[in-house]
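Structure record follows, encoded as structure tokens.
In this document, chain identifiers A, B, C and D correspond to the written order of the chains, with residue numbering beginning at 1 in each.
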Amino acid sequence: MVRKEFAGVFPYLVSPVDSEGRVKESVLASLVKHLIKKGVHGLTPLGSTGEFAYLTWPQRQRVVEVAVEAAAGRVPVVAGVAHTSIPEAVRQAKEMEKIGVDGILAIMDTYFPVSAEGVAAYFRGIAEAVSLPVVLYTNPTFSATQLSAEVIETLAAVPNIRYLKDASANTGNLLTLMNRLEGKIKVFSASAHIPLAVMMFGGVGWMAGPSCVVPEESVRLYELARQRHWEEAIILQKRLWGINWVFQKYALAPCIKACLELQGFPVGDPIPPLQPLKGPAVKEIEAVLSALGALASETR
Amino acid sequence: MVRKEFAGVFPYLVSPVDSEGRVKESVLASLVKHLIKKGVHGLTPLGSTGEFAYLTWPQRQRVVEVAVEAAAGRVPVVAGVAHTSIPEAVRQAKEMEKIGVDGILAIMDTYFPVSAEGVAAYFRGIAEAVSLPVVLYTNPTFSATQLSAEVIETLAAVPNIRYLKDASANTGNLLTLMNRLEGKIKVFSASAHIPLAVMMFGGVGWMAGPSCVVPEESVRLYELARQRHWEEAIILQKRLWGINWVFQKYALAPCIKACLELQGFPVGDPIPPLQPLKGPAVKEIEAVLSALGALASETR
Amino acid sequence: MVRKEFAGVFPYLVSPVDSEGRVKESVLASLVKHLIKKGVHGLTPLGSTGEFAYLTWPQRQRVVEVAVEAAAGRVPVVAGVAHTSIPEAVRQAKEMEKIGVDGILAIMDTYFPVSAEGVAAYFRGIAEAVSLPVVLYTNPTFSATQLSAEVIETLAAVPNIRYLKDASANTGNLLTLMNRLEGKIKVFSASAHIPLAVMMFGGVGWMAGPSCVVPEESVRLYELARQRHWEEAIILQKRLWGINWVFQKYALAPCIKACLELQGFPVGDPIPPLQPLKGPAVKEIEAVLSALGALASETR
Amino acid sequence: MVRKEFAGVFPYLVSPVDSEGRVKESVLASLVKHLIKKGVHGLTPLGSTGEFAYLTWPQRQRVVEVAVEAAAGRVPVVAGVAHTSIPEAVRQAKEMEKIGVDGILAIMDTYFPVSAEGVAAYFRGIAEAVSLPVVLYTNPTFSATQLSAEVIETLAAVPNIRYLKDASANTGNLLTLMNRLEGKIKVFSASAHIPLAVMMFGGVGWMAGPSCVVPEESVRLYELARQRHWEEAIILQKRLWGINWVFQKYALAPCIKACLELQGFPVGDPIPPLQPLKGPAVKEIEAVLSALGALASETR
């Protein structure tokens, strides 16, 4: 099989878990099928939006199994792997490969600060343990990791480290990185960046929570960008941005779960100690979704 | 006189000061004339790049007088006003108006944290003291000021608060702000943002140090954006970005002064306690300028 | 059995792990016996110094089993429990109780910011799952957790939440907290604070990495403080502080492991991605230990 | 005249300014006389509590003139000098010397980050411009200045740089510094530190806002420490600490002004854009003062 390059819209999947800690498998499967029907180009379970940090290993495993099974090979599944320790991250990556994912989103948890040498060893360790393409994930907001331009360039020499997902919110720095990495590592935008801006400067798509909620419009934005219809794309991007604005105001994972509930997917509450959104925040989100024509009755 | 709207490329001027503390007037005047000849749409003395924080009041005054005189009405001069105290900022703004500037760039210095109420009072105080258009300046990197979206919206009701210059580096937040402020306050980009991205989403230009060094290319980028020739603009923006990258690596004001020296403007060293760039940094900057065809022999 | 109150010097144990990931059991057991012989009042495996964040669950379990077995009931063993998720932390705490520890050091890992309500739920969850005394651990340096004075006061109502270990470095805030909590929760100092200062204002001891390296002097300092021999205590505290100074300069866990190696305990390298200290740092540490008469030949 | 060493309690003076910007001279003079009557060992106008950052130069000058005149040589007056620029700070220091102060509290304002070399040049510049003893002031909370241990040691070689006032809140680091500087530079505590703890480890006193409000008790605490009556001192320190706790909860300068108003000194509101405390905060402060027997009727 010739593996296709990753490109396009990869929604971050939420992790629906009931109060007993069981993965709500049918809810997750129906969300996966819905997103594929809407045209997304891939799926990313166990990103930040997937609340990976609050899941046990068996829960993580089950979430990915359900996603892979429901996707049924129609789109690639790129699963998050995250730990502080190298051997444990390597173990997770190998298990993910056995489950049948198409790529690894490599996230580095941190406790103590780690030197550039240690950071490089972490990501290289994961990449060398699997034969899958690896997406480097950098998020200075929730992690002290110094995934500097220099470290990324070093890692670009590892054959299966092929993509970068940058969640830093500093779009200027991302362009700097893209200019330096040209041709070595392809860049996915995150919701903190304006996806269209990243596409204009050479990005290949985005991995983001909001696409879970507005998949059809996200795909349309991607297509407009791919075909370089900038004028239309700009109008759509500005319109869609409202959803990012409200998500940044509140916590991301609870927002996406609240949206999906409003759209008729009973994904349940965020996983404790995360707390569900309060009523006024839900109302505000409902208004934003409604303005985008993205409420339940309208989307299915 | 019908006052023209501010739009386009407004380079931040450096403040050339000799070792005795005298403003190097002829150097500054010749820089101003050079920039106007290259087509810039306005000039901004006493921004961050202008090292306002290291100048005495008489030095600030002299810098602006020289800029206004050299500009001779051909382009608007928007001068920085900055203090922690409201009465002192008001005094500065009034003095600037007397000198004959065309607008005020209102910067709030901070020492203690200031409440939203106090922040609004500061900017309102400046605006009400003058009859000139005011540009709000927000820079979370060097200032603890909380110039929040809510405060900006309140300030938009003051008739002569007409523009915003955001130096936050978070382009996503800037788009949020632009969406919320549409029609009330016009937005200038700063060097931390990708100017083209800001233009695409409704910005009216940029106020930035790098334009001091590559004025002609900056004007061309603005024109391409204004005429919505996105494809050409993207290529030029990516090329010009190299200069931002190297400036962010080192301190901004020392970089611009080093560049101008390389281009044949003897602007001198940054003002103590700021230190001039070391040799290797100058070499690196020289290489970037050379790649852009922006060295002395090439530019004048 | 009447359970004794925790008080005195509780060294944070390192976690000696070989390059295959096996706990170096005999090294750990001999360190435990050495520390008890030197008079320490308790032992704390799986604190920050114990590199808990870089250990798998089976490794954590084994470290605690070895410590409990080697301590053989002579001093209490208070084991660290740490996760982002409540159910997983609860599971860990129950397992620790089964192993036979005498108390739980409850640490909250964070990824997303967690509300005060979520933070309280985390610590209450652990406490209610066991019948052991619980030590709250607060460390703003490595964790975004907001364990505020208000949350701590709420938690003080849970019968077995009995102690606080504060690693914030802000001794003033710690005194504020001690004044507010008087009689409800007892306070242990951490190495970021000056233990003697905390003792003077009502602290009951300290849990800290450096005591692993200078156990005898630490016990003497505690005894001087307990007997309120302040003059002698001040002299000793100032002398011992040199070790804190050098540890804060480098990373804590690698420092303690380097010291123990110098003292003849082959605990090995820090766990990847943490890196061992470089040569010059080891030399510097050796000099500090030597000045304290705490090198191998002198201590055993 | 043999100049006496600075030691003991130096209250930070507030700057009473009316709504027209005039220094309330008689209020300030009567506060100065009151504090001297209560036994303070020195006075510090234009520290943070003195809202120096919100005063014009003529206001600063007037505040110091009034303080010097009212003190009438009975206790030393150490005046704050603060700017971003070296020549301006030098000018201020010289003017202060002419007014007749006994020492300079050297504060470095920052805008851009400044290198260690630039920081050293700033403080050396001030010291060399005057023949007065200089107190280095370090406050990482409100200033980005890196006044590192290395820079302080370098500066200790300048003959009249004789004291350090550290407002960092990290008491451990302060002890490190004191151990390193022993005999070269004497250390004053700030309100962020527990003054008694700093005294125990070799400090010579404190410069702090709260002493403005509880001068008599502050002097008693100093005397107990000086005579090494630690037991009594500990009890008093714990009792007095309540005032620090409530001051840290709200903004320092507005708190001290509110306290002084409650004690019958009509010092007025904080200087805009700083805002006066709201009613509930004033009530809370009143309760703390009352518990310390420090309300108007009790103190004069």
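Keep this in mind: a contact is a pair of C-beta atoms (placed from the backbone, for glycine too) under 8 Å apart; a residue touches a chain by one contact, two chains touch by 3 or more.
Quick caveat, the model's predicted, so the values are computed rather than measured.
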Among all the other chains, which ones are in touch with both subunit A and subunit C?
none
If you average the CA coordinates per chain, which chain's centre is most distant from that of subunit B?
C
Do subunit A and subunit B, two copies of one chain sequence, contact each other through the same residue numbers, with over half in common, or through different ones?
same
Could you state the distance in Å from the CA-based centre of subunit A to that of subunit D?
51
CA centre of subunit C versus CA centre of subunit D: separation in Å?
36
Subunit A: which residues touch two or more other chains?
none
Return all touching chain pairs.
A-B, A-C, B-D, C-D
Looking at the complex, which residues from subunit C come into contact with subunit A?
21, 48, 53-56, 84-88, 109, 111-115, 117-119, 121-122, 142, 251-253, 271-275
In the complex, go through subunit B and note every residue touching subunit A.
169-173, 175-176, 179, 192-194, 196-197, 200-202, 228, 230-231, 234, 237-238, 241-242, 244-245, 248
